[in-house]
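Below you'll find the structures, each written out as C-alpha cells.
One chain, chain A, appears in both complexes that follow, with chain B as partner in the first and chain C in the second.
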Partner chain A sequence: MTITASFYKITKSSLATLFAEQKQKGNTIIDLSGNGSDLSKSCKALFFPATEKVLEYKIVDKGVAEVKPDNFNDETKAVNRFIFGANICDAYALKVVGPVFGEGPVDRFFINKREATIVAAILCDNKKNACFCDQIIPRSDYSNAADLVFTEFDENSWAVRSNNNRSIDFFGNGFLHFIEDNTLKELFDKKEEKLFNSENPEEINYFPKLEALKKFIEKNFNSEIFNDASMNCIGCATCTYSCPTCHCFDIVDEKKYYNGERRKNWDSCAFSLFTLHASGHNPREYQGQRWRQRLLHKFSIYKDRFDKIACVGCGRCIRLCPAGVNMLEMFEKWKISIDHM
Partner chain B sequence: MENIYRPYVMEVIKRKEEAPMVVTLRLKFKEKKDEERFSFQTGQFAEYGLLGEGECTFCLASSPTQFARDKYIECTFRIVGKVTSALGRLDVGETIGVRAPYGAHFPIESWKGKKIIFATGGIALPPIRSVIWNLLDRKNEFGQISIIYGAKTVADLVYKDEIKQWEDMSGVTMISTVDPGGETPGWQGKIGYFPTIMKEHLAKIVADGGNIDDIIFVICGPPVVIKITLDILDSFKVNNDAIFTTLENRMKCGFGKCGRCNVGEVYVCKDGPVFTATQIKQMLPDF
Partner chain C sequence: MKTIEQQKAEIVHLFEQKKISMVVAFENYRGIVRPVFVKDIKDVEKISFDMSGKQNLATYLKRAEIKKQFPLAMVVRPTEKSSIALLIKENQLKVEDVLLIESMVSQDQIEWKKAQDIEIDRLWKMSFSERMDFWKKNFQNCIRCYACRQSCPHCYCQYCKADKNQPTWVERSAHLQGNFSWNFLRAFHQAGRCIECGACENACPANIPLMLLNRMQNKITAESFGESDPKKYLLSDWSKDDDNSFFL
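For the complex of A and B:
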C-alpha cells in the first residue's frame, strides 16, 4: 500500500500551541531542533537507549529469585512521543535498523517505542562537514524517511510533508492546526534537488559505488588493508556509539542487595572483548579485524540479510573520531581497486 | 506483549562435578505451564542466567527424548568467568533463569538407517551427548554408532559414567583417548589427539573394506580443531553434506540481534549453531 504524501502549512506559533496542548494531554514532545549536540541529534538513543532495563527481579530467599510479574508489561510499554527536528538521515536510520528488532522474535523494547513515536525531521539546507547521505540513501527513500518532514516556508511558518496518517491519529483534532496545501510539493522537490546537487563538503573527493565497495570488502577479507587503514584506531567505540544504525548490545545484570535488574547496554565491535570466547580464542583479535567487521557489517552483511546498507552517511564517525580514522579516506586510498571491481 | 529477554525460572534438582571445574546441572521448570509449553530439538542451545550475575550460552546437553520422559534438561559447562563461577556454586534447590530453545538443530530424521561417527574432545562432548542419547533412545532406527572422544587428561574426560555405559552397549563403539602425557598408569584407552584417533579409525574401516560413503560424521571442538578435523575428513573424500558440526561463538541474545556471533553474513545463533561442512566452507574465515 502506498500512501501518497500530503502537504501542509503551519505557522510557528500554531506549532508551539499544538505542542503545549499535547504536553497537557500527557504526550511527550522532544525538540531536537535547537542547538543540540551532534550526538544528541541522532535520535537512536530515544529508541535504543545506551542502557535499558529489560527485567526486574527481587531475590527473596537464598538464591531464589522472583521475577516481578506485575512489571512485566510496563517494561516494554512506551509513552506517546513526538520528536521534532531530527535529521533526515537519522530518521532513515530507524527504518534501517527496524528489521533487526522487528523480525524473528520481536524486541518489544524497540518496536513499541517506534510505534508510539512520531518522527518529524527537518530538511537540511546544505551538506555539513563529512556528510554523504546523498551517496547512500536512495532518493525515493529520502523524502519518505520520517513520518513528517518540515522545511521553513518563511520566517513565520513551516511547510510540512506528511508521509503517512500516523500524525493525524496522534494529534487528533490538533491536526487542524495544519492547513493542507498540496502546492507545497514543489518547494520540497526544489529543496531536495538543491541539496542533492549541492557541492560536496571539501573532505569528500570520492565515494565508491556501493556494489563495488561490497565486493571489494568481501574480496579483501584476508588482506592487510584493514590493518593499515585502522592503524590509528584506539578502539574507543565513539564511531559505533555515535552511529545512528549501529545496534550491537550486551546483556548484563546489576544487583544491589536483594534487588536486581537485567539491562541491555550498547556494545561495540571495536572492543576486543566483544567476541572473546571463554576458551581464550578470539575470532577478531586485532583492531584491523574489528574494523573489517565494521565495514563488512555496514556494506555487505546487512545488505545480504536485510537488503539495506547499514550506513546513512551522517558523517558522525568521521567528525567525532578522536584519532582521525576516516572511512572516506580509506575508500579514497582504495579507489583504483574498488573501481575495478 | 512478549518480553523476549524474560527467562523461564527453573530449579536445580541435581548438581554433578564431571571433571575438575566442569559441572552439570539438572534443571526442572518451576511453573507447570512453562514445562508444558517447552520443547526443543537436539543441537539447540540456551541462555542460562543467574539473576544478579548475568547470562551465559551453552547447549542443551540432555536429549529431547529425556525431556519427554523425565521433564528435565541438563547443561554442562566449564567454570571460567564470573557467570559460570556463580552457576558452579549453585546447589540443589536454588533457582536459575533459562531462555531457550534457540538456533537450528541436527537433522537426525535424515540420518535414519545410517552409521554415525561422533568425534569430539573435552568440553565439546555436551552438545554431542544430546544427539548421542537422542539416537540411542531410538536405536533401532539408526546403524552402528561410534564415539571418538578425547580430553587433555584422564581427569578431564566428562560424563565418565556414561562413557562406561556406552562402552558396554551393543551397537556402540566407544573410543576414549587422552592427549599424550595425560594418561594415568592404569589408562586402558588410546593416547593421542582425537582427530588423529579418528583418522586411524577411518583408515581401519577403509582397510577392512568398509564403505565410508554411508556414514554421517558429527564433529565438535574449538575452531582450530574443527578445521583440522575437516581436513582429515577431506583426505578420505567424505561428502561434505554428511559432516555436521556445531559452532560455539560468543553470544548474548541468542536470536540474531546483539550482533557478535556472526561469521560473515551467517549468524551462528540464528542460522546455526549446527552447520554442515559444506556451509562451513562457504563461510568467511572469521571464526
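For the complex of A and C:
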C-alpha cells in the first residue's frame, strides 16, 4: 500500500488559535509537548487509563444485582480529542497494541477513545538516553505512526505531515490555516535520516537481530540466564506501567455497601500476584521467571500472535527502573549466543 | 582506615575461605550506581565503594532467591546497617546471615534532609484542608506500581495487605480513594520503623514526596511515644502511660 501523505505548513500562532477554537467548541486539546515527566509524556494512559469504570452495579436482593453498563456503546464516536506533541514511539505503540483491543472481542473502552482522538506526534531531534526506536520501528512506519506528524520548520511555524483525512474533518474550516506544501517531504526525510543515522546514546553498543533474539529467548526458556540478568529487579511495576505497549489488566469489583463498580486496572507481570493460583501455587515463583515472561511476550509471543514486536524502543523501562535493570545490557551480555542463533 | 584495595582483598579472602557465597554491593555501570551481586572472585573488581546509589541494598534480603544464598556479605552504609538491625530485631534475619563490610564513604544524607525539613515545617503550618489538598495533588499521580513497597527493606510481608482481595482491604484501583488508602496504609506500617533512607521516594516514578509523609510520621511517633528504643518495638510494645489522646 502506498502511503498518501500530504504536507502542510502552519504558523505556531494560528495553531494556538485553532486549539482555542476547538476548546470553545467543547473538544479536548491535550498538549504533551511541554516539559512533563517521562511517565506523564507517554500517551498510553490517555487511551488505557490506570483505572477505568467498566460498569456499575447495585445489589437489590439476595443474589440479584442491577447492572448499569457503561461505555459499551459500539457506535463510532466523532472525534473530540486532539493530542499534540506525543512521541513517535508512543504513537506507534498505539498501533502495536491496537489488535489486542480491536481484534476478536472488541474492547470498546480503548477503541472508542482511539476513534475519538487525533494523535499528533512531534519528530524527535535527537535520541535520549537509552532510546532505541530506530532499531525496532520499521523506517516505513516511522513517519506514518501518528495521524499528524509535526516538525519545526522555523521558529514561528511547523511543518506538518498528515497521514489521513481525520484532521481535515476535525478542524473543518480551520484547516485552511494549514497551507499545503508537498516540498516539505524532503524536510521530513532529512530529519528522519538524521535521527536514524545519529550516534546511538552511549548505552547501546549492540542491538540483536529481532529474529535471532526471538529464537534465543525461546530456546533458553529453562535457562538460568534470566535469573542472573534480573537479580537487581525489585519487583515493582515501573517498567511495565511506563511501557507504552504493556497492556495487561485486571478486573476488580469495588463496592460500598450495596453499590459497587467493576473496574479495569493495570496489572503487571512483574508482580508475584500476577500468576498466583487460587491453590497457592505460583508457576512464576522467582523474579527471573517474570522477567523472562516480559521479554518473551515482547519479542516472541506477540510476534507469533500479531506479527509485531511489542516494544517500541522508547527506553522508559531502562531510564525509570529504580534498580538499574537494563534490557539492552542483557542483550549485550548474551551477544555471542544470540548471534549464533 | 582501610583502603578500597584492602577491602577488596578482604572480600576475595572471604570467598576463598568459602565463608560467603555472594556479595551484595553497588557498582558503577556507565555512570549509574546500581546494585550488583558478585558470586565469583573475578567479579569483585566490579564493586564500587562509591555508595551514592539511591536504593537501600537491604531490600534484597527479603527475596527468596537471595535468602537461598545466606550467608552472604553486603557492603553497607549507615542506612543499610540500620535496616539490617531492624530486620534482626523483627526476627526477619539472623545475625549470622549477613556479613557486613562497612564502606568508608558514608553517604551524606544531611543535605536533602535539611531541604525537606523546611518543607515539613511548611506542611505543619498549613490548615488541615490545605494539607489535604497537597496530598491529593500528589497522590493523584500514583499509578500503584508499588515501587515504594518493593524498594523498602521493611516491607517484607510475604503477602501484602494491598494484594489481598478476599476481602479487599485496600482498593487496588489507582483512583484517589485507592491511592490514599494504599499510601497511608504503607505509611502507618512504617510508623516508628522508617529509617529515612529515601529509597521509596527515589524509586517512585510519579515523583511523590513519600519521605515527607514518613518523616512527619516518625516525628509524631517520637513526640508521642519517645525516641525509638533499640530494645523496644513500637508496633507491639504497649504501656499504660502511652499517649491515648487520639482515642475518641
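Methods note: the second predicted complex is superposed on the first by the 324 of 341 C-alpha atoms of A that agree within 3 Å, B and C clash if a C-alpha of one lies under 4 Å from a C-alpha of the other, contacts with A are read in each partner's own complex, and residues count from 1 in each chain.
Just so we're on the same page, a residue touches a chain if its C-beta (ideal position, glycine included) is under 8 Å from a C-beta of that chain, and two chains touch if they have at least 3 such contacts.
As the structure is a computational prediction, the values presented were derived from the model and not from experiment.
In the superposed model, B is the one of chain B and chain C that contacts more residues of chain A. Judged by the touch definition given at the top, the superposed model places A:235 against chain C, while chain B stays out of reach. After overlaying the two complexes on the shared chain, residue contacts for A:19 are found with neither chain B nor chain C. Touch criterion not met for A:206: it reaches neither chain B nor chain C.
When the two complexes are overlaid on their common chain A, residue A:260 makes contact with chain B while staying clear of chain C. After overlaying the two complexes on the shared chain, residue contacts for A:250 are found with chain B and with chain C alike. In the superposition on chain A, no contact is made by A:306 with either chain B or chain C. Of the two partner chains, chain C is the only one touched by A:324; chain B is not. Applying the stated contact rule after C-alpha superposition, one finds that A:107 touches chain B and leaves chain C untouched. Of the two partner chains placed around the shared chain by superposition, chain B is the only one that A:279 touches, whereas chain C remains out of contact.
The contact surfaces that chain B and chain C form on chain A in the two complexes overlap at residues 250, 252. On the chain B side of its complex with chain A, the touching residues are 1-7, 9, 49-55, 78, 80-81, 84, 90-91, 93-95, 97, 222-224, 248-250, 252-253, 255-265, 267, 270, 284-287. In the complex of the two chains, the chain A residues touching chain C come out as 37-40, 50-51, 202-203, 227, 231-232, 234-238, 240-242, 250, 252, 254, 263, 265-266, 268, 271, 273, 285-288, 320, 322-324, 326, 329. On the chain C side of its complex with chain A, the touching residues are 29-30, 32-37, 54-55, 59-60, 63-65, 141, 143-151, 163, 165, 168, 171-175, 178, 199, 202-203, 205-207. Residues 54-55, 57, 59, 62-65, 67, 72-73, 75-77, 100-101, 104-108, 112, 218, 221-222, 247-253, 255, 260, 262, 264, 267, 269, 274-279, 281, 283-284, 289, 293, 296-297, 300-301, 304-305 of chain A are the ones that touch chain B when the two sit in their complex.
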